[in-house]
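Structures incoming, each one as structure tokens.
Here come two complexes built around subunit A, the first alongside subunit B, the second alongside subunit C.
Our next item is the complex of A and B:
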């Protein structure tokens, strides 16, 4: 793709089309793209997944490390999520110090995973107060055709489920050559996912392509999971200039559980 | 993982050599196309000692002594006389700065607009974010100059623009414009194809505009070179 910014023409056309619930690829405004997952794409990482959603393509890797816990949580392991918007993914991304989007993406994923309680951090302790596991999740977009956050969230969950703990030496140091079959201690029921809604004019659109995403004026990301049979929102972040009305957020709240269940059904078929 | 590019190029190689009498095959940058002093390197090829080597990824073609590479990917390289679509990025005191999706940006002088424009009201004619169809007037060391004088050139009103790979533009236009004429006739849309890969479509309603876009993307996605116009006609019967 190119680095030319959205023209007034395209923005006006999209506005007109969204009013009629139409999109260039034939989807309705709230229809998501289908996705495919490839597990274990990296042989150096403890767990990895590659998610393809239309032309959007994200690789997520999980690496395990041991170290001392933070002083305020001696009985908990650590979770670290980082991301890198590689220039190969899009002409918009430049190498150099991370910009706003490159900081936002991993932070959103971090909050989604941490606040849902999917990873049982208390079970990641080897010796309390001295030695704990650190789960490092790395997000690498290979191609950006919009909805990078949503695709990355699927990738993060798949990669964490795919990960197997490496062995330990007698001193409690990590030994990457020794492989075990033990997964990361995960809560069985809880699996979070992120959904980002974009706003153009007064229309909401889910899972846009890059062309649509660039024309939009506002966005809001929800991390949602299911616990004890009830859906709950774990994280939420609003971006860009436009404001969201209360009615719009209520509309989103109505749609979210259905979208979550649909995506989760597909995701679980890959994990089992 | 299988090497997908290799697979598709094998298919392509067979198909092309079968369908066309002319010799054409896929080359990658750095690949030796032919060796010998009898050949001359043309566009997309260079000579290194005895060998003629490809500069770009594309189809190598031997036409007599001339060796050239028809690119299959890559950025747009501006040429004089090309019609391109660009986006106005700035309004300056004597013209408009235009992003033409190339290595350097281009400039439209106020005198090159189709009618007289008051210097104080330049952004009423074209403002930042507007799309414009223009012709490349000259390419100099300092930049590219565009003109809006000509048929079908000027600011684009209504419709929408989208991008395809610039190397696919000749295919979308077709031999003597056969392909683009077919799409225009079947959808009833106005279409302007810029050599930089940007395409403008304006039709009666959104449905026909979307159909025209799908048709153009169908052509741009196809690897086949032979009988594409017939395939396009069949596509219109199906859709």
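Our next item is the complex of A and C:
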């Protein structure tokens, strides 16, 4: 089960199957796995969500802290996204200082959320120039069976929507025992999601399992949301050393809105 | 056009670019590349023996990139040492350069690429890639081509190539979008693509095309700088 390397046999078989638009689990190359969301999975967190997508399982928790704002943005609260690829979740994850994937995941989520404008940072000010809220989003995979970034993006949005601000003391410090019903100030209509496309030979595949990911040679992640009724790409990062052709990038940009709308329908059903 | 660029440049106009090869005598290869006030310098050391040993690959040499800002290159002094940002940029730069390299003739070795930003005015990673690509060629590392890199910006709804720092802080309308790309010289192969901001999918092609045009210009500048250097040597 915990073999570390994709065999050439698996890679060649996948290559042949992808050429016929087939996958081991019966999906088409652009078919996304269905997902389930559980909200409020950790009651000390201000908000939390657990996303299961096939065997991929991710928890995301939101904690709120107060503190002084950054000098260059006295009128804004802060967003911080972090996380770790725990050795709990895969034989491939190791303890110790974070490897690149563990740095990349929260950075991609940070950029997707920040650039979409989902969180209204200006409304996170308690006393301008002195005291502001920081939204801290922490991401931990529980089981990695591929498409961690995409599953984590669903978890981030769900957890942030699930969060309720803790109360404040008279001095403006957090009182975690005092709960309020106030949500994090959000631009309600903006909800970004990420989609990572992998590449094997000249075939693109969406939402791969771990086995498929490891057989692939290239990958590229896009964050997309809707802003003033228009789809907007908010973030992008190409990974690995395989190149992408312009036609491939254009194809991805074309199908992104449909994939986004499908996932969003499902996500919204959990949040309402 | 509704808006003008704060810099006064045309939307498809990059800043003045400059390139020079052979700037660090100790290095096996070195180069400088600048977009206006953004200056990147790069040095290549190797192929050389790789330590720690467990990182050695008996099938091929490996590429190791380190990108960072010099502490005084930005308005607020940058604390020296690697940050998550610099680690990410180092890694995507590695991925941007690897497709043109052939290191199979140098098993168990490493090619170290050191990129530092002397002066930052946006577009530092792309300037760094351009410099590194020339430095690798200067070092005589087997390469099938050069890599050319530029950032494409978007101010409100207007795509604008090679934004400077002031333009990166453009607010209003759809705000500012930054999309660094890198390509294998005069081909259709993208080796780096990142994006921050808001760009409608239907505008994405325009943005790529604008980047393509400037990458062709960069390609010529890089080749000229390399040629100039070899002429001086000979």
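Everything below uses one rule, namely that the second predicted complex is superposed on the first by the 270 of 272 C-alpha atoms of A that agree within 3 Å, B and C clash if a C-alpha of one lies under 4 Å from a C-alpha of the other, contacts with A are read in each partner's own complex, and residues count from 1 in each chain.
Methods note: contacts are C-beta pairs under 8 Å (C-beta built on N, C-alpha and C of every residue); 3 or more make two chains touch, one makes a residue touch a chain.
Everything numeric here is computed off the predicted structure, so don't read it as measured data.
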Legend entry - When subunit B and subunit C are modelled together on subunit A, clash or fit: fit
Inset, instruction - Return first, second, both or neither, reflecting whether A:39 touches subunit B, subunit C, both chains, or no partner chain. - result: neither
Inset, instruction - Determine, under the contact definition given at the top, whether A:24 touches first (subunit B), second (subunit C), both, or neither. - result: first
Legend entry - Contacts of A:13 with subunit B and subunit C, given as first, second, both or neither: first
Inset, instruction - Mind telling me which of the two, subunit B or subunit C, contacts the most residues of subunit A? - result: C
Inset, instruction - Determine, under the contact definition given at the top, whether A:126 touches first (subunit B), second (subunit C), both, or neither. - result: neither
Inset, instruction - Go through the superposed model and pick first if A:234 touches only subunit B, second if only subunit C, both, or neither. - result: second
Inset, instruction - May I ask you to decide whether A:136 touches subunit B, subunit C, both, or neither, giving the answer as first, second, both or neither? - result: neither
Inset, instruction - Write the angle, vertex at the C-alpha centre of subunit A, between the C-alpha centres of subunit B and subunit C, to the nearest 10 degrees. - result: 100
Legend entry - Contacts of A:103 with subunit B and subunit C, given as first, second, both or neither: second
Inset, instruction - Applying the touch criterion given at the start, work out whether A:86 contacts subunit B, subunit C, both or neither, answering first, second, both or neither. - result: neither
Legend entry - Least C-alpha distance (whole Å) that remains between subunit C and subunit B when both complexes are overlaid: 9
Legend entry - Residues of subunit A that lie at the interface with subunit B and also at the interface with subunit C: none
Inset, instruction - Can you check the complex and tell me which residues of subunit C touch subunit A? - result: 76, 84, 87-88, 91-92, 94-95, 98-99, 174, 179, 184, 188-202, 204-205, 208, 212
Legend entry - Of subunit A, residues touching subunit C in the complex: 72, 100, 103-104, 107, 111, 115-117, 220, 222, 224, 227, 230-247, 249-250, 253-254, 256-257
Legend entry - Complex contacts: residues of subunit B adjacent to subunit A: 87, 89, 99, 101, 127, 129-131, 156, 158-163, 197-198, 200, 206, 209-210, 213
Legend entry - subunit A - residues contacting subunit B, complex: 1-10, 12-14, 16-17, 20, 22, 24, 26, 211
